[in-house]
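Letters A, B, C, D and E name the chains as they come in the text, with residue numbers starting at 1 for each one.
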Amino acid sequence: MNYTEKTKLIQTRAAALLEAGEVSYVLGWGATRFADKTRARFARSPEEAATLVYNEHCTQSLAKYLVDDRWPETRIAILARGCESRAINRMIRDNQIRRENLLILGLPCEGTDAERCRSCRAHDPVVYDELLWEPNSTGAAAAAELSRYYRADAVDALSAAEKKAYWDDVYARCIRCYACRNACPVCSCRECFVDMHRTGFQGKRHSATDNQTFGVTRAFHVGDRCIECGECERACPMGLPILAQTQKILKEIEALAGDYEQGLDAAQDNYLGAFDLDDKDDFM
Amino acid sequence: MTKNNGNGNAINSSRTPAVAHDCSCESNPLVPTLCEIIGITEETGDVKTFRLRGTDGQKPFSPMPGQLAMISLPRTGEAMFSITSQGEDWIESSIKRVGELTEDLHDLEVGDILGVRGPYGNHFPVEELKGKNLLFVGGGIGLAPIRSLILYVLDHREDYLRLDVLYGSRSFQDLVFKADLFENWPGLCGTHITVDAEESCWDGHVGFVPNYLEEKAFSPDNCVAVICGPPIMIKFCLDKLAAMGFSKENIITTLEMRMKCGIGKCGRCNIGSKYVCLDGPVFTLAELDELPDEK
Amino acid sequence: MSKVGVFVCHCGTNIAAAVDVVRACEAAKSMPGVVHAAEYKYMCSEPGQQMILDAIKEYGLKRIVIASCSPRMHETTFRKMLKKSGVNEYLIEIANIREQVAWVHDDKEKATEKAIDLIRMAVAKVCRDEPLKSQMIPITKRALVIGGGIAGIQAALDIADAGHEVTLVEREPSIGGRMVMLDKTFPTLDCSACISTPKMVDVSAHPNIRLLAYSEVAKVEGYIGNFTVTIRQKARYVNHDICTGCGACSEKCPAKVPSAFNKGLSKRPAIYTLFPQAVPAKPVIDKDSCIKLKSGKCGVCEKICPLGCINYEDEDMEFTEDFGAIVTATGYQTADWAQMYDEYGAGRFPDVIDGLTFERLVNASGPTEGHIVRPSDGTEPKTISIIKCVGSRDPKKGRAYCSRACCMYAAKHARQIFGKIEGVRVFIFYIDVRTPGKGYEEFYDKTREDGAIYVRGRVSRIYKEGDTLICQAEDSLLGKQVRVKSDLVILETAMEPAEGSASVAGMLGAAVDGDGWLTEAHPKLRPVETQVGGVFLAGVCQGPKDIPDTVSQASAAAAKVIGLLNKNEMESSPMIASVEADKCSGCSACEAICPYKAITMGEQPGREAGGNSKKVMRPIAVVNAGLCQGCGACTVACRTGAIDLLGYRNRQILEEVDALWV
Amino acid sequence: MDNKTITITKDDLATAIRALLPAYNVYAPAGEGERLAFAALDESRLGAINLTGSPVIPPKELLFPRSESLYTLDPETGAATVPEIAESTLIFGVRPCDLRGIENLDAAFLEKGYVDSNYAKRRENTTIIALACVTSPYETCFCESMGGDPLAAKGADVLLTETKAGDAFTAAFQTPKGLQVKLLWDSLAMDCGSAPAMTEGSKPAMTEGSKPAMTGQHNTLRVTKPDDLPQRLMAAFDDPHWAVLSEACLGCGTCSYVCPTCYCFDIDRESGAKEITEYRCWDCCMFSDYSRMAGGHNPRPTKKERLRNRYLHKLAYFDERYGMTLCVGCGRCIAKCPASLDITEVIEWGGGAL
Amino acid sequence: MGINEATTYEPKILAFCCNWCTYTGADLAGLNRMKYPANVRVVRVPCSGRVNPQFILRAFARGADGVMVCGCHPGDCHYTTGNYFTRRRFMLMKKVLEFNGIEPQRFHARWISGSEAAKFRDAVTEVAQVVKALGPAATKVTTQASSKAPASADIESSVQKEGAL
């Protein structure tokens, strides 16, 4: 099935849902004046449903928009690929959204233009109310082009001095715009610790070390809940390797505790929110 | 490697800086000067008035009524406060204890040093008010910004006609500037004081400010009302004043809460194209109504 | 700008010899916020304290730093002192310059530098200290005892005797627990029922005790002094308000099922009392075996009951009661050896029985009226083997721990056998013989004198040869294999936490260890308390023990309860978690991490923070001040920093850190 | 001064910049791809200069740093020390739109009321060598629609324009500061005798080869912007469409931080035991905590109000106050917005074109 | 760093110690007059579970040469489970610090009970030695002097591993 057909299916289903008043809006993608850019589109009427598009330029994950509307009066329909669906699971677990408020239209996905899709391990939605088309068993299940921890592995391969230089360079370029945080579906705090500098965690000052403190703290806050969608990197205007930090945390958790993947269902505990009597503490 | 700018030539670009300004540190509008507390008056349980004089013995600056000062403590930070009064070599600010900075300020004693910069904001239109009847309406700590104007007007009593101060607070204890209200001002102007609820130590009027305002039924003829207090009080008072026939041009209030850097640069204080730090904080209701509803 | 006073103590020469106290004091004077600093020989002494009090007045000090010995030493002293001065007693920090500076560093220069650093950190922290007020928590003067075995009975009686109301909840139809199943008790060999049943009667007759048998705890809410407990009274199908316990119904009941009380050695009807001396002495219908309840036919008991007590429509009933303290006495069960030891026949040989079954066999009120017979054929055994540590001290198959009572229990069984069967031979297989207890070693000696043959070795296999059982073991003293032909084998099985005790612990928020025993607050010094305030431990639920120990612990727990209930209210530490509701995003990460169940998710009206500012009911974390113990684990789970620990706020700790560096 | 132009071949660019190093702290676009940024140059990094694109972070940060100390306080006495800003800086390769951005900042920081002394000092000490855009560096460039001229930079001290042949730049020295640069280059020409590399044109008439490249080059993105856009937008202040425009916004600071004209900042202090630093750093009106006041009231509580304020500030408020649009059409925000928001849609919607 | 500087360099190490075990152990070391280097500054916290990884980052950003987190042994926590969370947090923290170019030897977590005064002494001594050998940490935030160039303009493209990353 090509994108034109898929777009048609989306438009038709969205129009039907809106017509029937089953949902207050359908969260999908719409066109912009640039052929290679799409934008989140909140289709509120059958007419608007006709403006939804679906193509390889739908690089953004839509899940984060759900926290903008946590208490909807009518259900929200969201187009959900693997990344959106895993985010939804984690957001439900974190008490940020409610499953019953959502009508999840599952879209088996074959990747987009975005770099984030090159390491995707979950093309097909893991939670949905209906699938708009059948998963492409060959395409979707194909192994990711990049290994799961490709960014973390690359940094791990550096010497201690190289690591320092690497991060100094990265965080000198960071502009603290918080696009990573605001795009991240797991960063769902009502207020970020860094927006409350008066409480003392971190000031607003820009410096490589301050930026790194933000980066590492954020990694700690989201790392064990990270659903590996890569939105943080996609959003970063400076092209920084933000996934390296969260991948490192996931990689270490896996080394300590075995298989670890988040967002697969809505009941999963996160590593730092639980413990096991037999946890390792080799260095203590 | 320091590279001093050996270039003495003026810049000729149309929008390059006004080179006239002095680059010494005193001219940095964001740097506070040090002031010493030379007097503290406890107005209420949570309001204190601080009298400040420069550590050099000079008056830090001579503000117009309604202007503000940024007061800072090295370890705590800075915030904007209205200047309630001034003298030969001092300015005064009345500060209510509400948060961290004000709490630390309340811990200070005479002789302690703090930072002050300013004055900021426009001021009450004392010239335009000449030859008018003036009605001052205040609630709680909201009398603080108005007081500077009242004192100015009393100093220039002959320029103004009838003066009335209508002021109220939660309780007798919470009335600020009691010396002014009960000793200095009566006789010079009409004083109408009210407290929210009955209490044994108070035999004056009881009731909320807007209701008292309505009861008093001041004439709007050639009268300008200057009002400051909690948002909810202002909201109801505006209704009453409108009902009494005050036009929007003749109601003045202040939006000092919106000021942050004080110099109209940091970008927070704008309401539409107006900058509260520069174009305000004193506005007539007519001016405010022109602005977008982002107050 | 807080007015901080710093007081540097010489502690005689204890500090002064290793730290330049005068220099430290001078350095303190220029620290931000400090308006006064002084040093003195002994700050904790009367004149030292007076000096501080005077300085508070003279300089208007609002916060105090004392550089002295460890806060673990005199923090309370100085807090009490501050109470007198009118300064809030939590506006004080202590810089530990004795134990952690003067006594451990030889280089006076470096020690002084470190002392100054510690003072600066303390000053930084004290500037962010907030006045705290301890709360007074009212105490409901009633106790709940969970479990009606001997531990629960003893605790209930002790508390009730002290004048407090007690509710005793027992899930079986009768109290009595394991002890009433026993025939005799060691080391005195007195009749178990004779000493336990009077206590059961005392319970039922005590004006301060409300006995709820055939009931379970369904839910526990609240905290020390203020628990609200939901109790589920299981459907009895018999109106106990009218029933006289005449027993006519049980006699006529046509359904017969194996009696668990008698370990399956006999049958009981579907409408039954647990045993003849049961308390309450009124029957219940076991709905799983009642023909009427299962198939709708029968109804014999209803017809026979002269008082019309039978009600087939009866249902489980839940109600709540308030308590100030809770004693858990959930006891134990014996390990299911058949599941663990295939080599012992895994239950295929009827003549391999466990100790508790033997108790019923040897008990005069038991199914055989006290005759020791083989369950297989009813004949009297001539050779009996007793195997100890079945399931205990066996980390591979059972439990690693020692069940403590089995050595004496086995000896007792041998003695009971000798008393009942002429010419019997008794072999006791053991790993060690442990008899620490008053009169225990003597009891063991007597057992051997009576003829019990102790074989050191774990039985590796039991198999059948014709009619008899062969116990095969390596005698580790002789170093050779032995085979003992036995007519009856008694397994002294391990004690395990009673089924359901983990769920009770879970409801209470009490911790259990790896084996499932409830954990005491401190193994030495707080052995009958749990880490949950107001929840106490009695008996085997905390770990294996014998009757004397169980009863002592029950009385100890009762003493703790009485101590608590004698107060009208209690002071709680104000250094607990606190939530800034505006910041809380309701993610409940803190809830999961709290060891005390002190955090619950509440709701409060607020505005949505996202795309619109719609008014909504937002979920937020709520801290129960009575349950929170102030550990602060939640503060780290909270990514926003909405939950913070009073007295150790994030900001206070961060400023302490900052104070070390420019 | 118009007649003072010289031509620098691309091969000699490094030599020309080397000549500036002793006199100025020189910054120029350097690095590849996402690393392209205005970087401090020294001898070792002359080779990294890259004039093919336009850095994501505009040169405004050299005049208005992301974070700068305003003064430090002695915690004991409260006495303030103001850091000195005295170094001569030269920014090389500023695009005409970014120069217009700097002109916007000049207005904001130096006019209407207070003069921001840190900015003023930096601005005064800075020499700008602009680089005309013979091709649009971003696909999203729309400077021409915003009244800009990609080939002209009136306010620049020196303007470089690539020659048609593409192997050299013509340098026009437009200000006394620019002439200071010329002096350095003149002496260079004499010192090293590379006269052919630096040819001084005494007349505006240039040889064919040194003529600026294609003057007819246009942005591909054309936006219809009526002259009365501010009035039209203000009239639409309460239009429900703002909610639609803002719904995809993630509320991050990307647009503001990559914008050559955004100048909002925050002031805060960091206290150490021995020194307290009052600093200011970039802030962004799109952040949820930006306009929240002490006590919690936020006059712009949701992203609708925040986005409306940002666009109106760009397209209406600033115009009303300073007579210039606060958007120069550099196209960075469109290129970098993680949610693909597009200011040109607002311009056209507000202008009634949509 | 000159030779003289190296020999006189005294690192400052911050140790977060739980009130019930390690702090008590440290006090006991004092009572027993055990001697150890004066480099460690103890911050008393109720439980090692109270120690937020952000405190460690802050300490390093402020100039700490080494940081320790010490608490009760697993199973001995005064608050039952606090240190189990500590264990997970700081096992990860250690890896993350190393990953971020902070020498892993600068961060230590230890279980030290109230009776293990000697263990406290040994741990502190060991960490002081290790950190001293490493020299001052390079993580400190230096207040950016206004005359200096802004951060991004100073980028040294020192790591050219773009292809790999």
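Definition applied: a residue touches a chain if its C-beta (ideal position, glycine included) is under 8 Å from a C-beta of that chain, and two chains touch if they have at least 3 such contacts.
Because the structure is predicted, anything quoted here is derived from the model rather than measured.
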| item | value |
| --- | --- |
| Count of contact steps on the shortest path from subunit C to subunit E | 1 |
| If a chain touches subunit D and subunit E alike, it appears here | A, C |
| Contact-richer chain pair [B-D vs A-D] | B-D |
| Separation of subunit A from subunit E, taking each centre as the mean of its C-alpha atoms, in whole Å | 33 |
| Centre distance in Å when subunit B and subunit C are each reduced to the mean of their C-alpha atoms | 63 |
| Centre-to-centre distance between subunit E and subunit B (centres being mean Cα positions), rounded to whole Å | 49 |
| Centre-of-Cα separation between subunit D and subunit C, whole angstrom | 69 |
| Touching two or more other chains - residues of subunit A | 65, 68, 173, 175, 191, 193, 196, 201, 205-207, 272, 277 |
| Two or more partner chains touched - positions in subunit B | 2, 73-75 |
| Residues of subunit D touching at least two other chains | 25, 33, 35, 37, 57, 66-67, 70, 75, 86-87, 118, 247, 266, 268, 270-272, 275, 279, 283, 288, 303 |
| Subunit C-facing residues of subunit E, complex | 10, 12, 14, 19, 23-24, 26-31, 33-38, 41-47, 49-55, 58-59, 62-64, 78-82, 85, 89, 121, 140 |
| Complex contacts: residues of subunit A adjacent to subunit C | 65, 67-71, 94-96, 188-193, 196, 199-201, 221, 269-270, 272-274, 277 |
| Complex interface listing, subunit C residues touching subunit A | 514, 582-589, 592-593, 601, 608-612, 614, 616, 619, 637, 639-641, 650-651, 654-655 |
| Contact footprint of subunit C on subunit D as seen in their complex | 75-76, 246-247, 271-275, 288, 296, 301-304 |
| Touch list for subunit B against partner subunit D, complex | 2-7, 9-19, 21, 23, 25, 27-32, 34, 73-75, 77-79, 98-99, 113-115, 257-258, 260-261, 263-268, 270-273, 275, 278, 292-295 |
